[in-house]
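To start, the structure under review is shown below, and the notes come after it.
The first chain written gets the first letter, and so on, giving A, B, C and D; residue counts start at 1 in each chain.
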Amino acid sequence: KDAPSGGSNNSAGGKKMTIALLPKSKGNQYFATVEKGARAAATELGADLLYDGPTNTDPAKQNEIVEGWVNYGVTVIAAACENKEGISAALKAAQDKGIKVVTYDSDTTTDARSFFVNQATAEGIGNTLMDEAARLTGEEGDFAIITATLTASNMNEWRKHIEARLKEKYPKMKLVDTKPCDDQKDKAQQEATNLLSAYPNLKCLMAICSPAVPGAAEAVKQAGKAGAVKVLGLGLPSENKAYVKDGVTQSVILWKVEDLGYLTIKAAAAVAAGSLKAGAAEFDAGKIGKMEIQGDNVLLGKPFIFNKENIDGFDF
Amino acid sequence: MRALKEVSFDLHAGEVHALLGENGAGKSTLIKVITGAHQPDGGRITVGGVEVSQLTPARARALGIACIYQQPALFPDLSVAENIALRLEKTSAWQRVRWAEIARRARELLQRIGAEIDPATEVRELSMPEQQLVEIACALGAGARIVIMDEPTASLTQKEQHLLFAVVRELRAQGVGVIYISHRLEEIFALADRVTVLRDGESVGTNPVAAINEASLIRMMVGREVSAIYPPAESAPGEVVLALCGVGCAAGGVRDVSLEVRAGEIMGLAGLVGAGRTELARILFGITPADSGEIILHGRRVAVASPRIAVAAGIAYVPEDRRRHGVILEMPIAANMTMAIHPRLFPGAWLRFGAERALALDYIRELAVKTFGPEAPGGSLSGGNQQKVALARWLATQPKLLILDEPTQGVDVGAKGEIHKIIRRLAKDGLAVLMISSDLPEVLGMSDRIAVMRGGTIAAMLPGHSDAHTVMAAALGQPGKAAA
Amino acid sequence: MGKYFRELSVAAALVLLLVVLAGIAPAFFELQPLLSRLTAQTPALIVAVGMTLVIICRQIDISVGSQFGVCAVVAGLLAAAGLPLSVVLLASMAAGAAMGALNGWLVAGLGLPSIVVTLATMVTWQEALRLFQQGKFINLPAGVQWFGLAQQRGQLTLIATAVVLLTCAAWAMKNLAAGRHVYAVGTDAEAARLAGINPRGITLGVFILLGALAGLAATLNIVQSPQVDPKAGGGLELKAIAAAVVGGVAVNGGRGNLWGVFVGLLLLATINPALTYLHVEAYWEKAIQGLVILLAVVADGIRSRKGGAK
Amino acid sequence: MSQPAPFFKTLLARPEAVLLFVLVAELVFFSAVGRNFNTADNFANIVRHSAEIGLLALVMMPIILTGGIDLSVGSLLGLCAVLFGVFTHEWHIATPLAAALTLVVGAAAGGLNGGLITGLRLPPLIVTLGTFSLFRGLAEAITKGTMTYKDFSPAFLALGHERALGLPYQGWLFIAIAVAISVLVHRTTFGRSFQAIGFSPEGARYAGLPVQRRIATTYVLAGFVAALAALVFTARLRQARADAGSGYELQAITAVVLGGTSIFGGVGTVGGTVLGVACVAVLTTGLKLIPAIALQGIGSELGSLLTGALLIFALAGGVLAKSLAARRARRQSLAKPQPQPIT
């Protein structure tokens, strides 16, 4: 039951390391891509990878899965937290049993994990989105947000930062409405259609969940407002390539998702093996290079902005 | 359980063949086999000399077999015309429905049996007897070679019965074979050419009606002697138990009913179909509470707003439709019998299984219910035994006023005599009985007084020894004759 | 009037809502968004038609959203493989019909309760699809959107398809023997059997029809954009059931009218955009939807009580 | 008189017996194949993770027994969780009082369902479909979707995390409610009337039973226990949010039906429901402890998928067994005695 000893990078010596990877939800291309990167890293390390999560975003289910893993006896857990406080106790309980914990994608409370593999902070995402929207609209005019559900906590976090940034820097811009799309492209498209006509002065649609970006773009395209109303959001290049090339969608903001999965597993294994300790300034993540560490955050690098010029270079 | 053993039975064209037997003898089951509703385990069925196997309702219809089931098999949400059409049309799924034609034919058929029913009404709005009339119209319109009638007169009054008899005779004249099931022996003698008696799922014998009399028929049915004579009245009426002053309920079509029933008295309630007798009973039992007038029990006015209040006040009601209202078919006999006395038998809401079983066994014995035991579900019993269970439930409440709605409808002679004796005994013990019945001999034979209803109100109050003619005249609204 | 009270009162509520919108937010009636909104409802309308038949037959199918998702992915994959749209449509409808047949067999053949059967198949198809597709979008080739027509033409084609289908179904339910048989089976299956109708066949039939319609709806959905979202169809069953219920279809079978369902769907589909146009914040949406359903049935309840007391 | 049937035959004829068999098979299988399945911690997990759904299933059972259904319990759980947060955090009511208040609100919300269903004679499926949206919508409106209540008192949180005699607190709560409901359904006239109503509401009315009051009782009870489940849920997750309990209604219905309660009403036992809850909980937890499945990353999907399949097989198996039994009975019926009046 004690923390397994031999969890180093070689599987030959000692017990095989078991790494558990928790997505916010399954059946979602974003996390499927994370898993892809993670599996590559696990194979490289010769470690077992468990991948499980709620089928729909559900903090209660996340807790249950973590508690199940504690009982299963995994070496280290890497979690993307749907809800900061909701899961922290379960993660702390895992730590008490000698299981190492790192987080990725979205963090929990700092005492419930050793490192956070940070692809971008909530503040960073919020600011980037807001700044990009301001750039596209010339810092003035109405805009609206399309989110997944009104209870999705990381999106609510981003919205908070977006609104803070808006207040602080862009007095001539106005957030007129925020609509949920239930994580469905079609619903996002309908909401966007209504927003476009209900707010004739709308200059920009900001879609902060991935199916909403193509949904909003399709609505703008069908309304014949391509270019006149800017579309930006957080999404995957593959889902948005056509719209970006047609000039409907201006910017898609994201990080290299597969690298996030890869880095997370590498870091988790290193934490478990004891080779990554508090105070380190740098982490060698193998094929994707050396990553900077700030405090207890392992940084993947700044979020990318995909646009017409560079989108062809990405295939996820 | 095996409902039918070896039954051999033949039907000629142009004859009325009566099928007779005690409750549970297997008459309805035999009918269901003939119409393809149930599959037989063995044996052969031939129609017009051709053997048929794998009979389904659709094939039976194609062969020219039409049936009026004991329980109306109608669609309450559809109109009368549509109901008739569904039974009569060849059912090719992609055929168009010809609405005008359907309505016309329905009107025609209903007129032929003298039923005043608008073909456009939904069947749910019809009373039981009216539904029975629609069933008869269906069978009539089918142009069938074989028409089966399972207790068609059970809920009809004399006027409709006569119309029905005319229809049956007309069918016979057209060369149609009619199988006619009834517990009323006089009907059989009036109508049938031959009669087959079933007992315990076996045929006891087939005879021409001319060669047989009532006593021998009864002997064949029950295998013993039974007197078909009504037990004599033994009690002298006491104080007034129930008094009604101008009671009415607009929704039920009942108005201004005034009536007194005394302890130890059997008050017969006669009337034609739709005269409002069942509605009156439903008012007294709080199912459709009265909206005018006063109900006075033992000198105290009671507002009977729900069956619960009625039960608490000492009113018991054995309803007309026993399968829907009288017993819960899926529940054990014991649970059925104790259902109305929960507060008394189970103080503090705690079930006492021993007490329940004992009580059920008492009543099973007392009323001679034919069953495997108190745990058997109510649905496993035949109609007459179900009626005894329904009666037991209400006797267990030790009521002051017992309302019986068609207490012997569909009950065989043996059981009928037993039920009559029970009713008499209850009256003797001081119970006030209000007995609704469409069986005129029963009303005449059992009642101390007879109230005749017409158009939702009391049309006449007659003494118990009145003759049938007077009662009918009052029910039909011919005051001159009634007075005579 | 009395017979169509429910349909008319729902229509009145819809008209009232539209009048309010016309007064406060005339932009609601701009052609393009209006057309888009109607187009977006065509899949729901087609599924609601099938659902209505199932409910009239005294059954229910809560797996239809999952069926829709499976059909959408089948259609999407075939279309992405470059097959002609007619083949795509047939395959999608066949897939739907097969899933409907499974439901129908379990319900009609084995006599299992439909709410439970379809609860089980809903979960099963949904999870199977998740395992298979992992949420990945399917990108469609250029000629698929709007059947290769211009946008407005395509939208009108879709709307026309749905309305024609609705009209045919409504006519058939009233005037074809098969339609009346559905009502008869829904009212009393045993009586229907005795009347020579095959209740099992009818029940199986409505489930297969609903499945096939889900396939049709899925195909009509994928042509509305250049990508297929495998999560499409989530919540569709509730939408179709709510439309039927608000439109006056009795959940215990035997009664209902497709035009009522049409109006019910329009009312429900108007509320959500109306909130946007009236600048009501989004978090009121669910509460208001629930309230509308409750009001519709409460009005019905009060009316039938009054009717009963008359 | 009826012959006492052979013990095993009667046992196998009951759906509960089949479920018990399935449960034992699951336990044996997962003990053999699963990793760390047979541990106290794992059983504590199973209990904690299924307590709320179990509670909802327990009160769904009497409702389904009367022939009704309640789709709103999951949403009501969410609303009650949020209200509890409002009471403690915004109105600053002491935790015990806030909990009591939440229970009252839950019962009242159940009363709304019951009132509409019985007062206006509306079909439960529709009424609770409406309140399913309404309750969730109110929870979202109160929190504007975003508000999360956290930092509850440690004494309250113990409800979700501590154990007594090895069993988590919510396990004891579940047992208490299960016993209470079982007594109510199987040992009192309430249960008797639920059953009668389920078989035939009209028949029950003609027997003088207070049909509408009894039906309303089941919904009020459901509301009350849904609020209780909300408290347990909040204590377990240490927070209250508007999305609490999403989808729980269907899982509760699944457990009840799996437990042998007829969706048409009248037939069912509380013991069966408990077994139904246990079968699903053990199955979904056990699957994730099988290394081969965990490594494939398909634990959650497979759990749901198999639950669906189990439901179908349990129902279909019941039907097939019944028809086989009927066929055998028909063959033997010649030998059986006919019913006689008991003298």
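Convention: a residue touches a chain if its C-beta (ideal position, glycine included) is under 8 Å from a C-beta of that chain, and two chains touch if they have at least 3 such contacts.
All figures in this text were calculated on a predicted structure; none of them were measured in a lab.
Asker: Using C-alpha centroids, which chain lies at the maximum separation from chain D?
Answerer: B
Asker: Which pair, A-C or B-C, has more C-beta contacts?
Answerer: By the number of C-beta pairs in contact, the winner is A-C.
Asker: Can you give the whole-Å distance between the Cα centres of chain A and chain B?
Answerer: 73
Asker: Rounded to a whole Å, what is the gap between the Cα centroids of chain A and chain C?
Answerer: It comes to 35 Å between the two C-alpha centres.
Asker: Averaging only over C-alpha atoms, locate the centres of chain B and chain C and give their separation in whole Å.
Answerer: So the centroids are 45 Å from each other.
Asker: What whole-number Å value describes the gap between the mean CA coordinates of chain C and chain D?
Answerer: The separation of the two C-alpha centroids amounts to 30 Å.
Asker: Where in chain C do residues touch at least two different other chains?
Answerer: If we look for residues of chain C contacting two or more partner chains, we find 127, 130, 281-283, 285.
Asker: Note the residues in chain B that touch 2 or more other chains, in rising order.
Answerer: none
Asker: Which residue numbers or ranges of chain A touch two or more of the other chains?
Answerer: Answer for chain A, listing residues that touch two or more other chains: 26-27, 55, 150, 180.
Asker: State which pairs of chains touch, listing all of them.
Answerer: All chain pairs meeting the touch criterion are A-C, A-D, B-C, B-D, C-D.
Asker: Show me the residue ranges of chain D that touch chain C in the complex, using the header's touch definition.
Answerer: Its residues touching chain C are 69, 116, 119-123, 125-127, 129-138, 140-141, 143-145, 250, 253-254, 257, 262-264, 298, 301-302, 304-305, 307-309, 311-312, 315-316, 319-320.
Asker: Which residues of chain A touch chain D in the complex?
Answerer: Contacts found on chain A: 26-27, 35, 48-56, 58-61, 63-65, 67-68, 70-73, 83, 85-86, 89, 149-151, 153, 156, 159, 180.
Asker: Looking at the complex, which residues from chain B come into contact with chain C?
Answerer: 35, 37, 56-58, 60-61, 67, 69, 73-78, 82, 86-87, 89, 91-97, 99, 250-251
Asker: Quick one: in the complex, what on chain C touches chain D?
Answerer: Touching chain D: residues 60, 106, 110-113, 115-117, 119-124, 126-128, 130-131, 238, 241-242, 245, 250-252, 281-291, 293-294, 297-298, 300-302, 304-305 of chain C.
Asker: Once bound in the complex, which stretches of chain C touch chain A?
Answerer: Result: residues 25, 27-28, 30, 32-33, 36-37, 40, 127, 130, 133-137, 139, 151, 221, 224-227, 229-232, 234-235, 272-273, 276-277, 279, 281-283, 285 of chain C touch chain A.
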